[in-house]
Amino acid sequence: MSAVQTVGQVMADGVIDFDIGSLGRNFWALTIDGLTYGSIYALVAVGYTLVYGVLRLINFAHSEIFMLGMFGQYAVLMLLGFTPRGDAYDEGTVLTVVYLLLAMIGGMIVSGSAAVGLERVAYRPLRKRGAPSLVFLITAIGASFVIQEFVHFILPKLTNDKLGGVNAQQPIRLVVPSVQFSVFGADVTNVEIVIVVAAIVLAVATERFVTLTKFGRGIRAVAQDPVTATLMGVSRERVIMLTFLIGGLLAGAAAMLYTLRVPSGIIYSGGFILGIKAFSAAVLGGIGNLRGALLGGLLLGVMELYGQALFGTEWRDVVAFVVLILVLMIRPTGILGESLGRARA
Amino acid sequence: MSNPGGIGAGSEHDEEFRSTEEMVGGSIAEEYLPDGGVEEGVEIDLAAVDPGLADASHVAEVVASDRTIHASVGEPLLQMQGVTVKFGGLTALDDVTFDIRRGEILGLIGPNGAGKTTCFNTMSGIYRPTSGNVLFDGRPIGAVKRNQITRLGIARTFQNIRLFSDMTALENVVVGTDARHRTSVPGAIFRSSRHRHEEHDALDRAMALLEFVGIGSRATEKSRNLSYGDQRRLEIARALATQPKLLCLDEPAAGFNPAEKQALMDLIRKIRDDGFTVLLIEHDMRLVMGVTDRVVVLEFGRKIADGLPSEVASDPAVIAAYLGVPDDATA
Amino acid sequence: MSTDSTRPALQLSFSDKLRLWWDALARPTQWAVGVPFIILIALLPIIKPPLLTTVGTDFGSVLAQFGMFALLAIGLNVVVGQAGLLDLGYVGFYAIGAYTVALVTSPVSPWNLTDDWLAQDWAWLFAVPVAIAFTAVSGLILGTPTLRLRGDYLAIVTLGFGEIVRLLADNLTNITRGGQGLTQVAYPVVGVSEERPNGIFSAGNTIAPLNSGTWWFWLSIVLIIVVLLIVGNLERSRVGRAWVAIREDEDAAEIMGVPTFKFKLWAFIIGASIGGLSGALYAGQVQFVVPGSFNVINSMLFLCAVVLGGQGNKLGVILGAFIIVYLPNFFLGRTELLGIPINGDDIADYKYLFFGIALVVLMIFRPQGLIPARQKLLAYGRPIYVATRKAALALSRKPAVETKGGAR
């Protein structure tokens, strides 16, 4: 049972199939789908990258912030009167957009407040006590599972089994995916367009915010040099709260977009894998670098889909992990390299 | 420090970053620091543990290195030959040439930014010279991994003390002796004879070293709880434990009052008398003049003086470097 | 300020005195004190003390689970507590250990050796060292590219590793039978008798109090002692000191000549091996291995055991493991507590929630855990500890002396 024999046997068993043909045939469809998922990863990746740039901390619990956003937008839809039923609703274009926007705002509010709350309750006491980074990481992973288990067990009790629990929420479909046009023979649906466009808008808005506004400058200042920033009158605590808030808002928005693409993905454990992927995307693009998060997200989404075609669906999630390891080994600063404040050490 | 692949290089810039982080984050709370333990303030009688330690010459004998050094006393142990070190566009060292002779105490001084740290890092092999050679004990120093420096025979103390705070004084020194040990995991698990021999040797040497530098009674205190002066001594003891050919002290007198500085000078002389060669990087002129045999002065990466302390102290170039030319308003 | 002549120069609490006394003992004496204590613990499933014993589930099985968990905690402690490497995917090593045993001995496995040349009775015993070897190698493979990374990155990479192992177990259905799992895993066949046709370790041995749970518990006690001896020897050597130095200040350690990467890798390998041993134990005990048992959330539980008990303290983490395993089982099936009606099954379900909260709270208020680490790093340090104890006791009997400036 040597290692070589094992690998050989595994591949001979046809378990890991190298299907280049499939990749070639569906290249554009895969690319479009990849960009769609990638936009979602990008929005979540911004949250990781911002917090890392300002605090040098990997916020493990960010994946759960995203997950809460999914439940948040779902709750809004339920409050608006929608129920999970077999077919999709057809409220007409304008109304559908309004409802989706409301859902997105709901998700953003839930995620944003959860992010700020997490920072206040879990991280700030540690910062005040000057805890070493190992302690932050342990807390983050604890917080992550607390939130998951809350949705798993407590939320159903609080909402009369309507939200949370062991199983995924039954999907509430507001949009029927319909093909709008074709690109090189691959169909592009309205859902995909909405996701990518919304992500781009949000991403650009965030970038403008960080570059142009006073608050955004505060973020970059603290990321670059906390002491001088404080001396210049920037409140470090405010900036940190703002950073978490922005990350949370984007994650909440991404959550709504994600459920458009994967309506059955709303479950307490639904954030975990996506979080790892988004983090890998942030590292790929350059951790601490806003544009890097966006680029990394899109790239990772596309690579994932190609990987899925090449190796089979069950190996899709492994792609992100492999990418992460390779980036950290070969070019740890990522593609775009610079940090949030520019050239920090 | 944004480089995720790095382990946080001990360069000057990063040390700066670390301290600002502490400033902004607040001091580390008690819970996160290792427990002081009951040994705080307890003084033990090392001579009771090992009677041989009452005899100073025996202590000196144990402490002395048994490493073979090729250069004889008085001959060059470390030679910097036309060393130039450039980082991108910045020239940190420019054609620097000097020797450190075996058995001497050499002072390396210069104003801030003169290149002392770069010089020191190049000597220990962390930086490779852009041009020029560094010869240590007759052989050129190639690229050296950080944990090979002690194997070369160079040991150092740090400007801002970097002891292992969770360990006792004795354990800190024993870690120093470990640098020359070869026991690995299998030996430790099965308590091989090499392991047992090295552990006994480590303990004997470490106790002798603590006595030698004068903190024997504090052997079981956590290093975090030692007084500032004792911590500096402990760092020196730990460095000596690696049995170096060359001991480098990086600003060892920082924060000392005159009495403590005097005691430090006595200790440095004692170390030299025990057969070690010492490189002293310092700001404090009086300390340098008082204890060194020769002095090398750097300014802006260039050597501007090299000779006896008294010569260097009256060298106009040196005075100008430290005090500026008469017309300057800034010191 | 006047001197309080009744206040001693050194305040020694009871636990301080205990620790001083214990450290100054000769090794044989320490064994003489420790062994009765171990025997008492071993007799627990037979004595079944009324307050402690579990209602909804067999106490012996709970203790067997605890034994396995304690092994895991000791192994993870080497990685996290001693070397300071945050490994969030420790469940991966556990899974590899369990699956190796299952793959070698289960009749439905494609790599089964038991229908070949391996006798069923000895299969488990043979498979255990194989499991340890495989896990050690996997530790080596995982560690080599990742241990150069900073702590945060190591953490998330190991988290991914844990998930990947589970994914592999799930997806390589031709080998692992995916979610169906591998059944009829071998166990040591010992003590066959009329009432126990398959031996004492078989799941079929349900004759209380010496049921299979109790026997597995005793086996794990033996293994725990062996592992503690190994880890203890490592602590009191160059290796243990290197780990603490790496944890404290890795750069300074390097400059002092500590080969940090080598010893970090060793920490990983040793931690992995212990995890693999525990996995092998698990496989033999439940005799059925599925991917679902190896969720990443279990990595969080292992971490909680280490952190709760006292990271860096190999005995403390055993206590942590006990709490993690015992507490949920205490509630299982219990419908009232001190007169108050409760839903014990529900409370047991919430264990991940409670322990997650415990982690967060601990990190804020008591990061050193229940029993803080007081490592002994010297192999022949006893004379020093004796001298320390003497000096400490003498100092505690002397009145405090008022010195200039008010210092002690």
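Per-chain numbering from 1; labels A, B and C assigned in written order.
Operating definition for what follows: contacts are C-beta pairs under 8 Å (C-beta built on N, C-alpha and C of every residue); 3 or more make two chains touch, one makes a residue touch a chain.
On a predicted model such as this, the values are computed, not experimentally measured, just so you know.
Q: What is the identifier of the chain with the smallest separation between its Cα mean and the overall Cα mean?
A: If we average C-alpha coordinates per chain, C lands closest to the whole-structure average.
Q: Could you pull out the chain whose C-alpha mean position is farthest off from that of chain C?
A: Computed centres place B farthest from chain C.
Q: I'd like the Å distance between the centres of chain B and chain C, where a centre is the mean of that chain's Cα atoms.
A: Once rounded, the distance between the two centres reads 40 Å.
Q: Mind checking the centre-to-centre distance between chain A and chain B? Centres are C-alpha means, answer in whole Å.
A: Computed from C-alpha means, the inter-chain centre distance equals 48 Å.
Q: Counting only Cα atoms for the centres, state how far chain A is from chain C in Å.
A: The computed centroid separation for chain A versus chain C comes out at 34 Å.
Q: On chain C, where are the residues touching two or more other chains?
A: In chain C, residues 149, 152-153, 367 touch at least two other chains, as defined above.
Q: Among the residues of chain A, which are close enough to touch at least two other chains?
A: Correct list: 56, 129, 131, 135, 283, 328-329, 332.
Q: Which residues does chain B have that touch at least 2 chains other than itself?
A: 4-6, 31-32
Q: Which positions of chain B touch chain C when the two form their complex?
A: 4-10, 31-32, 34-35, 37-39, 41-46, 48-50, 146-151, 155-156, 158, 162-167, 170-171, 174-176, 178-181, 183-185, 187-191, 195-196, 198-200, 203, 219-220, 238-239, 242
Q: Going by the contact rule set out above, which residues of chain C touch chain B in the complex?
A: Residues 9-10, 12-13, 16, 19-20, 148-150, 152-153, 230, 233-234, 236-242, 244-245, 247-260, 262, 266, 270, 365-368, 372-375, 377-381, 383-385, 387-388, 390-392, 395, 408 of chain C touch chain B in their complex.
Q: Would you mind writing out the residues of chain A in touch with chain C in their complex?
A: Per the stated touch rule, the residues are 1, 10, 13, 15, 56-58, 60, 121-122, 125-126, 129, 131, 133-135, 137-139, 141-146, 148-150, 152-154, 272-273, 276, 279, 283, 314-315, 317-318, 320-321, 324-325, 328-329, 332.
Q: Would you mind writing out the residues of chain C in touch with chain A in their complex?
A: So the residues of chain C in touch with chain A come to 84, 86, 88, 111, 145-146, 149, 151-153, 155-157, 159-161, 163-164, 167, 170-175, 296-297, 300, 303-304, 307, 346, 349-350, 352-353, 355-360, 363-364, 367.
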